Every structure is written in structure tokens, then in C-alpha cells.
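Quick heads-up: structures coming right below.
Each of the two complexes below includes subunit A, the first together with subunit B, the second together with subunit C.
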Partner chain A sequence: MFEQFFSQDYMVAFLNSIIRMSTPLIFCAIGALIADHAGTMNMALEGIMLSASFAAVYFSALTSSMWGGIIGALFGGCIISSLLAYFHLFKKSDLIITGIALNTFASGGTSYLLFLTTGEKTTSRLLRSLQAPQVNIPYIQDIPILGEVLSGHNVLTYSSFICIIIVYVLIFKSRFGLRVRAVGHNPNAANSIGLNVRKIKFRALLISGAFASLGGAFMSMGYLSYFARDMIAGRGYIGLAAATLASGKPFGTLLAALGFGTANAFSITLATMNLNADLVAMLPYAATILGLVLISARKLAIEKGKTKLVNKIMEEKKL
Partner chain B sequence: MRFAKRLLKNFDLLRVICAVLIGFAFALILLLFISKDPMNAIETFVLGPFKSRRRFFNIIELMIPLVFTSLGMCMMLSVGKYNLIVEGGFMFSGAIVAWLASSVFSPEMPAVVSPTLLIVVGALVGALCGVVPALLDVKWRANVVVITIMLNYILANASTFVLRYWMRDTTVTYLGSQKIAKSAKLHSIIAGTSMHTGVFIAFIAVLFTWWFINKTTKGYEVRLTGSNIKFAHYVGINTTAAMILAQAMGGSLAGIGGAVEILGKYDRFLWVNQTGYGFTGLMIAVLVNYRPELTPLVAFLFAYLQIGANIVGTTTDVPTEFVLVFQSVIILLVAASLFMSSLKKRLAIKVSMAEAEG
Partner chain C sequence: MVHQHFMLVEQLTVAENVVLGREPKKNGLFDFEEAVRITGQVAQHYNFKLDPRVKVEDCSVGVKQKIEILKALLRGAKILILDEPTAVLTPQEVIELFEELKKLRDMGHTIVFISHKLNEVMAFCDSFTILRKGRVAQEGKIADYSEQELSNFMIGRVLSKTKKRQNKGERGEEILRVRDVSYTNRQGKKLLESISFSLCKGEIIGVAGVEGNGQNELSELITGLARFSQGDITVDGVSIKGKSVRQIRDMGISNISEDRMVFGCSATLSVIDNMIADRYYKQPYSNYQCLNTKVIKREVKELVGRYEISCPDEASAISMLSGGNIQKVIVAREFTGGAHVVVANQPTRGIDVGAASFIHDQLIQMTADNDAAVLLISADLSEILSMSDAIIVMVGGEISAYIEDASKVSELELGEYMLGVKKMDSSEIIKALHSAKTNGFKVVSE
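Here is the complex of A and B:
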């Protein structure tokens, strides 16, 4: 059973699928990361991605262009994220409840719009939407194994890696990023030096939604070529977990998202090998839980260590 | 003036009613756009559930699981934890109970004993589901929301696993379990409908949860821990124990719900996807502001909406999902603490001005 797995073709296909499966998670985790730096928690990522993937299909069919789809996806995702930001910042509602309500809203809303636009109840196969093109990287595609793994992916997949760099610059090297971090770290202090906390948080949530929307666009324009009901299937939450795991570091986020993508790809590969599908399907979720617990345990240990150290120093000073 | 005063006193209720009305308007607009015969669809949606005895009891039937999950969520939220395991606990305990009822429990067993035993099993399974994330939280401060959402997926897969490998009936073409033993089932109480004795169990559960949260010391400790954990800690409450207790109870309420649902309504276990009752339960708990005694009312409202949507879905051309939009709009508005706050301010000013004048 496993010899087959270690054959070269299989390995290449497997590594290839890791990259493909990670793409939506990377985008979504970037979104979660930005919200995290702004001191909020974007619980609506799932709904944002879902509405973005519907809007991508719809607008790409409407304008019959890929860019129309991408812009449509950004628009669809931003509707949900601006609702979240509005209710949280201007109406003082609880982030988690609002986020979950918006996820339900997106689930019902996309099903409704799907029926309204196509008359279908489960998928949008009838809409003639476009896919984001695949890109062959010159030179790299000619390298024997590496080329097969790295080249020929969807353009959005490559963008997701570029987005990690963009986000790093945005958060750690730009004025806006500094303000976002200030607001997230201590809103009162930020307010006292004249920053408009609400405005900055609002923008951060919008940008967070925009990145997640690209992940949604990938789901319906790259991963699949159509929209299906509830097609995000928990990826929004997994992305959230990846960002939590990396505790605010962009490249750590990339690694975490790739890790969950690997678990995801692994579960699909194992399912084809006559292993128990239900057990294997638990794998990505179990990996997420394990990762979260480990990382929070580590954080707690560091915190405890710090307090101990401080206490020790205090005692020594008294002596 | 007395009217304004009374309005101010019941302002929370007024807010909920306004939110429901706005949500309703939203749903009607949605129906208007999507249906070829909107008046018929709207009429079916609003009046359909009351048109026959069977449909009306369908509402009550759907209310039962919603009451259990919302009670579970009330427990979780009253200790201040967004433990969403209610969703997965409900499904998984349903699966375990169905497995036991279809394999271990023989038809010869006395009719009252086996459902009671099975419901206890359901409660234990649910409590276990609730305790796991609670422990991860208190021990390592792992994010409860994300952990429980992940656990819900795992539990859904585990339930399908139990269904497929432990109790699948291979003689039927669809994916279903062996038949649940007759002796284990909850009896129908009204002939001609599938209303079952679970409705009494739900009623008892409401009373019990209300009593626990409002009338016992432990319940007070739970509430205090939820509202201000530091204060609770300083006055000497064992906050860790309170958190675990509340989440275990919340989980077990969901577990009882799953058991009652399976034993009352189904011949076989058939669930392969998440039921969604847990998330609806969260919405109901938010709407009643975590007061268990009010859950049946709102559960009735949500069940009525769902049944109305189902009837619309089967008799007209409209998909049932529009009702999700309706529900989420209500929650968005109710969860927004500043929704209608300017009206409240104006009312308060008016009342106090009048009082000052004498």
C-alpha cells in the first residue's frame, strides 16, 4: 500500500497538492493575521471567503474576464467584512457572535443568490465563469522534479506567497502597519496620541477581508471551476487557527498554513489508498487542535517563566 | 408618559421585537425577488406552518432539539466561554445512543428503562465532549472558539465513522444504521403526529437549567465567573471548577438533546453532516440574553421559521436557505448593543425630565 506512496510520480503529485491545498489557507491566515495585529479577531473569515467565491464566479461570468472575477470577489468579501467592522466598531457588538452570524448570513445569502442567478440549488456549473490561469515559471519548469512541484500552479497560488511578503512590509515596515500595531497593542495609548482607533481598526478589518477574499476567489476560480454550496468547509476557521498558531508572524503564518495544507493533502492522498475515509478526514482538524494546544501551552510556559524570573529578581533586590 | 416609562423598562424586549420585525421584512423582500409567485410564497411561509395539525406539531418537534442546544449554549455563555461543542456533542451523542439502541438494547427490555439509560449515556457523552475543550482552555489557554469548531468537524466525522463501521444496515440502499430497538424509543404522545415524550424532557431541562443558574450556589458561582473572573477568584470561588462544571453541563444538555432527538424522531441514525442545531442554539441563547426560561419561546419562533421555510421549499420554487439570512439578520441586530440606543437615550431623558418636573 505504501510503496505506491513513495514512488516518484506520487510524491510529485503529493507535494504539488500541498501547495494547491495551502493556497486558500495562506490567504485566509493573512487576513486573520492583520485582524490579530489590530487587536480584533476576524471570526467572519469563513463567510467572507464563501461570499467572495460566489462573487468571483458570478462577476467573472458577467464580465467574462478573470479580473472581473477577482474584483468581484474582493467586493463580495468586503461586504461581509465591512458589516463585521461596522457592527463591532460602531454598534459595539460581540466579535464572535457577529462573526458566526455573518457566516450563517453568507451561507444563506450565497445559496439564495445562487438560486436567484442560476436557478440551481447546489452548484453554479451552469454559469460560464472563467478560471484564473495557470502559470509556468520559466527555467524552473525545466528542472526535473522541482519544476513539476513548483511550476504550473494557479496564478493566485503564486500571489499568495507574494502576499505574505506584502503583508510583512505592510505591517512591519509601513506607517499604516505601525498604527495598526499601536491600536492593537494599546488602543487607549494610541487614542491619546491622536490616532483614530476606530478608523484604523475598520481599515485593518477591511484589508483582512480583502486578503481572505482572494482565498475565496481561488476556491471557485482555481481549486474548482465553479461555486458549490458551503464550499469553504471550515477553511476560514483553519486559516484563523494558522494565524493564531504563528502568533502574528507573517512567515510563521505561511509555515502554519502550509502545515495545515499538508495535513489536508495527506488526508486526500490517504483516502485514495483504501484507508478509512472518515478517520482520515479528521486529520487536518486534529492537527489544528494539536498545534493550537502546543503553541498556547508554550506561550503560557514562557509567561510563567517570566513571572518567576521577575519574582526572583525582586527577592534578590530585597536581600 | 407612563407609556414611555413602561417602554423604557421593557426596552430589551422592544429591541428583540424590532430586530425580528426587521428580519421579517428582510425575508419578505428576499421572497419577493426570488419567487415567481411571491404572494403565494409569502403566504405559505407565514401561514403554512399553522395550516394543518401535522405541521403545527412539526414545529413543536423541531423545537425540542433547539431547546436543548440553546440551553447548552446558555450554560456555556453564562460562564463566559464560547464553547461551541454543543453542535458536535449533539450529533456524536446521537450517534453513540443510536449505536447502543440498535445493537446492545434488545426489544425485550422494559420500555421505560432503556430510554432512560440511553439518555443518561447521551448526557455522559455530551459532558465528555464539553469537558475536553474546557480542560484545554483552563490548562493551556487554548482558544476555545477555534478548538471547538475544529472538534465539531472531528465529532461529525467520528459520528459518520460509527455509522459506517459499527452500525450500518447493509440491507438498505442508503447510508443508515440498523433499526433502533422499539423498546428504546420515546413514545408518541399525540396520535397521528410524531410528537414524542421528549417534549416533557425538554420542559424539565428548561426548569432544571433555570433552577441551577438562578437558584443554586454553584449556579451563582458560574455566573459570577462568567461576568468577572478576577473578582470571582478574589472572593474565593474556584473559577476553574466553575468553568469546567458549566461546560460539562452545557455539553451534557446537548448530549441529552441528541439522545432525545434520535430516540424520539428516528427509526435509524442517518446524520452524515453537522446538524446545525448547535449554531441555531447559540443564536437563540444570544436572543434570550442567556436566560434559560425564555429559550422555549425563541426556539418556537426559530422552529416556526424553519418549518415555514421548509414548506416554502417543498411546495414552491424557493430554496429554504433564505431563512438563514433572516435568522442571522435578527442576531446581528440583537447582538449589536448600540442598536436603537439613541431611542433609548431619548426615552430615558424624556422620562427623567418628566420625573424632575414632578
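Here is the complex of A and C:
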């Protein structure tokens, strides 16, 4: 049954779907990365993406424009992330519990709003929402195979790759990034020289939410053309795991997100091959757990190797 | 303001730390090269030697302090507040710091020097203000007062001058033996290397060293909080290897931990609970799994009185007490559990002079009748020198000097050992160990 998998058409479709499936994860992982550098964790990523994908559909139908949808998504996501930031930073609520509560709230809230606006309970197919356009990259699209894999994706997919570069510059090359890192590593130090720690964390969480919102927008304006109940399906948490795996490095985060995207694409491919669909759907989540454990084990091993080397050098010096 | 605990972002470079909050900009982005230039310029202006490009985590304590001072100066500070700046420095570094501060003073800066080390205040300051219990107790010009008078103002009563402990010459039998102990942490980093010494009843051995040179690890190994990878530690000839913390405590080791709020006590529990934390499961404090509150209350009340702990109520949370009183609660618990060896790690750090001198008296009392021995780990050299019979100096997880008679060494000489400027070679250490321990202690030197 795996023979068809190795045919060229199938491979191309598979690689293509990796890129497509990775897009929301990349956006979300970028969001998690920023929060990580600011020394907090954006636990509400799942809810942010969900409300963003609903808002994208609603506002693009309302304004009949793609930009209306994107801006709507940013608005919808930022509501949740500012709630998280406000409760956590200014009202001192527990970050994890608040995040989970907001995720549940977003799940129920979007279902309710969906019913209010369309009268339906599962999808928003009745709304005449728009999709973000697909882009064919000149020249590259003419290359056989490679062109089919790389070209013709949604404009948001290409944006997600560009966003990785933007985030790298934002965190490591800008003044704001330096302050974010200072706040993340030692808030007391940042406070002692007059930086407003809460304000910087608040902004970092908002920016984090904005990137995740784009991932949400992709789900309902690119991946699908409508909003479906709980359509994020854990991608917020997987994005969080991707950023954790890469321990704060933007390009590592991209790789991790692509890795989880691969697991996602794989599970969909396998599902078409008469395997138990529910069992296969577990794959991305199992991959997340496996990834976290393996990387943490590897880090420990590297650390050990390094200190062993140092010890050896020190001993040689003594002799 | 230069804090006692540095306010630096360890993962960033020196330059980034210095300019943080007023970062130079180029094309809308952070300009690192400009930050390096600014830092270099300011450092040169004030004659500080440091490299702006290295990460702060790779800097020594003395350099970190300079970075803190630079940070303040770059912000145009006219008044520098230094909170216990010498607590973490070696005597040599202290001299260097004072030189630099004096230069700053001559340039027109005002320096507020917060310290409990009176000799430094006397040597360095022009005028003083003494605070006691949140109130100004006395202010004036240094020149008009003696050190003794200042000390009296600080505690509000006349304190008999810290007794210099007499080296008794004769010692009891060996109680704690540490032989060739090495320790490697979980990351595989070697933190202690072939440590050997022995402690006899009635003896106080001081462990000196710049912080982070293995002293904490040594105290953790002896008290069972960490497991050693090599060598052996014995109490009364019985190895502590593989024993649990409770078993080791039952063998007669007690511990005043460096961080009293983390290891010394449980902040939210009451004075009573903290006081019986090491004995609540024993007779007569508990019977058949039930606490005998009557006995406990009576016992705790007695200890609170004996150790002069001032607390509103024994049932109130220990975090309501002052640092000195919290430490006294810990001392009361650790000294009355029938211990033969007290591992006292920074027992008087950050507490008032009155409580500190009380704890010193208790430590001396413990060893007075040759019943118990004390391993005193401290960053305060004057404490080490006045309390100890013998002194071990630790550098980089190794014993770099063993001074068998503490009265024959000066603070400056100790500082040289601590900095690694001077080092005894192993034969000297062994010789010192041999002559000190006449009762059959052998150092294995393979």
C-alpha cells in the first residue's frame, strides 16, 4: 500500500502539503518565541488563533475584502492576547490557568458567535468570506517538481517565512528586542535601570498574539475557505512546543515548525491509505512529545560533552 | 544605585548591559558597535579596565561590580549608592574598589556607602548615619567617633568587643573526616576535586574562599543534600555514603544553610513548625503519628526564651520575623538536635550585629566543652579569622591552602590565597594537615 506513496505525483503533493501544513505552526511558533524571550509564555495561543480565524471569516464577509479579513483576524487575536496580558501582568492571575481558561472561552465564544451570525453550528460556509490569494512565483514555478512544491502557495504561507526574518531582526537587532531580552532574562535588572517591565511584557504578548493571529487567519482564509468549530485543533500548543524545542532561536523555530508540519502532513497522507484515521490523527501530537523529550535529552548530552571537554583541557593544562 | 545583588542581565554582553534603557540607534535598529564605543569611552574616562564585548556571565565578581558602577555613571549619576559593595570581594579587590571610589569622589560624585563592616566605614567615609530598626540612631563625622562608639550606636547597647577565640592547642578526637572527595554535578562539571581534611571535637575550622569556589557544594555533600562521586566522608568512623539526609542528621550533623529562606526555614509556616521540623517525628514530640502539641509548645517556648528570639507569638509565620531572628530560630533548631558537627554556611550573612554576635557566642559555646565541632563557611574574612582554629582556603573546588593556626595569618594573606595569587603546593598542605592532626590522620595522595 506504500508503493503509491513513492510515486512522483504523490511525493510532490506530500512536500507541498508539508509547507501548507507548517504555515499556521510557523506563525504560532513565532508568537511563542517572542513571549519566550520576554520571559513569559503565551498560553492562550490556541484561543488567539481560533478567535482570529473566526474574525477573519466574519470581517472579510462583512467588508468583502481580504484586507478586512486580515485586519479582523489581528483584532480578534489581540482581544484574547490582551486579556491574557492584562489578567496576568496587571491582575497577577496565574499564567497557565488564565491561558487555558481563555482557550476554552475562545472555543465556546466562537461557536456561539458562529451560531449568531450564520445560524449554523459547525461551519461558516453560509458566509461569503474571501480567501487570501495564491501566489505563483515567476521562474520558480517553471522548474519541474521544485516549482510544483514551492510555487502556488497562499500569500500567507510566504509571509510566514518572511516573518521569521522580521522576528530575528526584531529580537536580536532592535532596541525593543534588546529590552525584551533584558526583561526576559533578568526583570530585576531591567527594572533597576528604569525599564517598565510590565509594559514591555505587555507589548511582547500583544506582538506575540498578532503573529499567532496571522496563523489563525491562514486557517480560515487559506487552508480552508471557511471557519469550522475548533478548527485550530491543538496547533497553538504545537507551535508553543516548536518554540520551546528551538530554545529561542528563530531559524531553529522555523525548522521545528516544519518538522511538526511534516508530521501533520504525514498523518493526512496516511489517513488516505486505509489506515485507522483516528490513530493516524494522533501522529502530530505524538511527534510533539517525542520531539520535546529527544531535544531535552540531547541538550543534556551536549552540556555533558562540553564540560567533559573543559575538564580535559583543564587537566592537561595542569600536567 | 549599585545593589548588593547585581542587577545585570548575565546573558547579554557588557556593552549591552551598560547602555540598556538608552540604547544607541542606527537606521532604526540597535547599534551594537556604538554601544561598545560608548562603554569603552566611559570606562576609560573613569579608568576602569573591562572588555565591552564579553558576556557578563563570563566576568568575575569584581568586574561585574564595575559594570554596575559604569551603568550608573553613564546615566549621569551624581550620587552613587553602594549597598554592601565589599561583601563579595577579596581584600585586594576591596582596595582597588576604594581607590576607584576615591577618584570618583575627587571628581565631584557623592558616594553613599551602605555597609555593616565598621572598619571599612572608618577607613573610607567622611561622615555617617546609623540606622537602627528603621530610625536614624546617630549621625556625624567619622573623625569625631571611634569604631567602638559606632558599634555601640548600631546595637543600641555596649557590646563587649568580639572575643577573639583562643586557639586551644589541644583537640578532642576526630569526628568528621573528609577524604579525597570529588564532586561532579549533573552537567558533568567538576566542582570539587580531592578534598581532604578532618575536624576534631572542640574545633572550629573556617572555610574561606571567593563565593562559588566549591564551598556550597562541600556543605551540601557533608549534609547529604548532594552525592559525592569519589572519596568518602565519615562521621565518627561511619561513612555517610548512600545515607538519606535524615539518617545523616541522626548521625549528628546539622546544617545552617547559606540561604535561610530556601533551605533554612519554610517562610509561611509558624515559628513552632519551623523549630520542630527536624524532630517532629520523634518521641516525645509525637505519639502514634499524632503531634503532641502540649510538649511541642512548651519546648518551643523554652527555646525562644533561651535563644532570645523576639517574636510576637510562636504561632505566627516565621516570615514576619526579622532576618536575625529567623536565623536565631534556625540556630536554635540546629544546635539543640544533639548535633556533633555543625556545618554553618554563612551563618551571619545580612543580619544585625547583635544577632550575629549572639550566634558567634553560640558557636563558641558548642565547641567549648569539646563536645561538638563546627565547619564555618563564610565570605566574611573577619568572621573566619576571629572564630576559627584552623582555616581552609578553597579555590576552584580545591583546597589551595591549609592554615593550621588561624591567629598566624593576616586578612591580606588570606586574600592572596583566595585569589590564587599564592598557593600552597600539595606537600605543604599535607604537612600542615599532618602536624595539626596528631591522632593518626592520613592524607592519601595518589
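Note that the second predicted complex is superposed on the first by the 297 of 319 C-alpha atoms of A that agree within 3 Å, B and C clash if a C-alpha of one lies under 4 Å from a C-alpha of the other, contacts with A are read in each partner's own complex, and residues count from 1 in each chain.
Following the convention adopted for this analysis, a contact is a pair of C-beta atoms (placed from the backbone, for glycine too) under 8 Å apart; a residue touches a chain by one contact, two chains touch by 3 or more.
Keep in mind that this is a model prediction, so the values were computed, not measured.
Of the two partner chains placed around the shared chain by superposition, subunit C is the only one that A:Ser174 touches, whereas subunit B remains out of contact. In the overlay built on the shared chain, the residue A:Lys308 is in contact with subunit C alone; subunit B does not reach it.
By the touch criterion defined above, A:Met43 reaches subunit B but does not reach subunit C.
Partner contacting the larger number of subunit A residues, of subunit B and subunit C: B.
Note: residues 300 of subunit A belong to the subunit B contact set and to the subunit C contact set alike, using the contact criterion stated above.
Against subunit C, the residues of subunit A that register as touching in their complex are 169, 173-175, 177-179, 181-182, 185-186, 188-195, 300, 303-305, 307-308, 310-311.
For subunit B in complex with subunit A, the residues that touch the partner chain are 30, 33-34, 82, 136, 139-143, 145-147, 149-151, 153-154, 157-158, 160-161, 164-165, 279, 282-283, 286, 318-319, 321-329, 331-332, 335-339.
Subunit C makes touch with subunit A in their complex at residues 1, 3, 6-12, 16-17, 20-21, 23, 25, 28-30, 71, 75, 187-190. Put simply, subunit A touches subunit B in their complex at residues 43, 83, 87, 90-94, 96-98, 100-102, 104-105, 107-109, 111-112, 115-116, 121, 234, 237-238, 240-241, 244, 276, 278-279, 281-282, 285-286, 288-289, 292-293, 296-297, 299-300.
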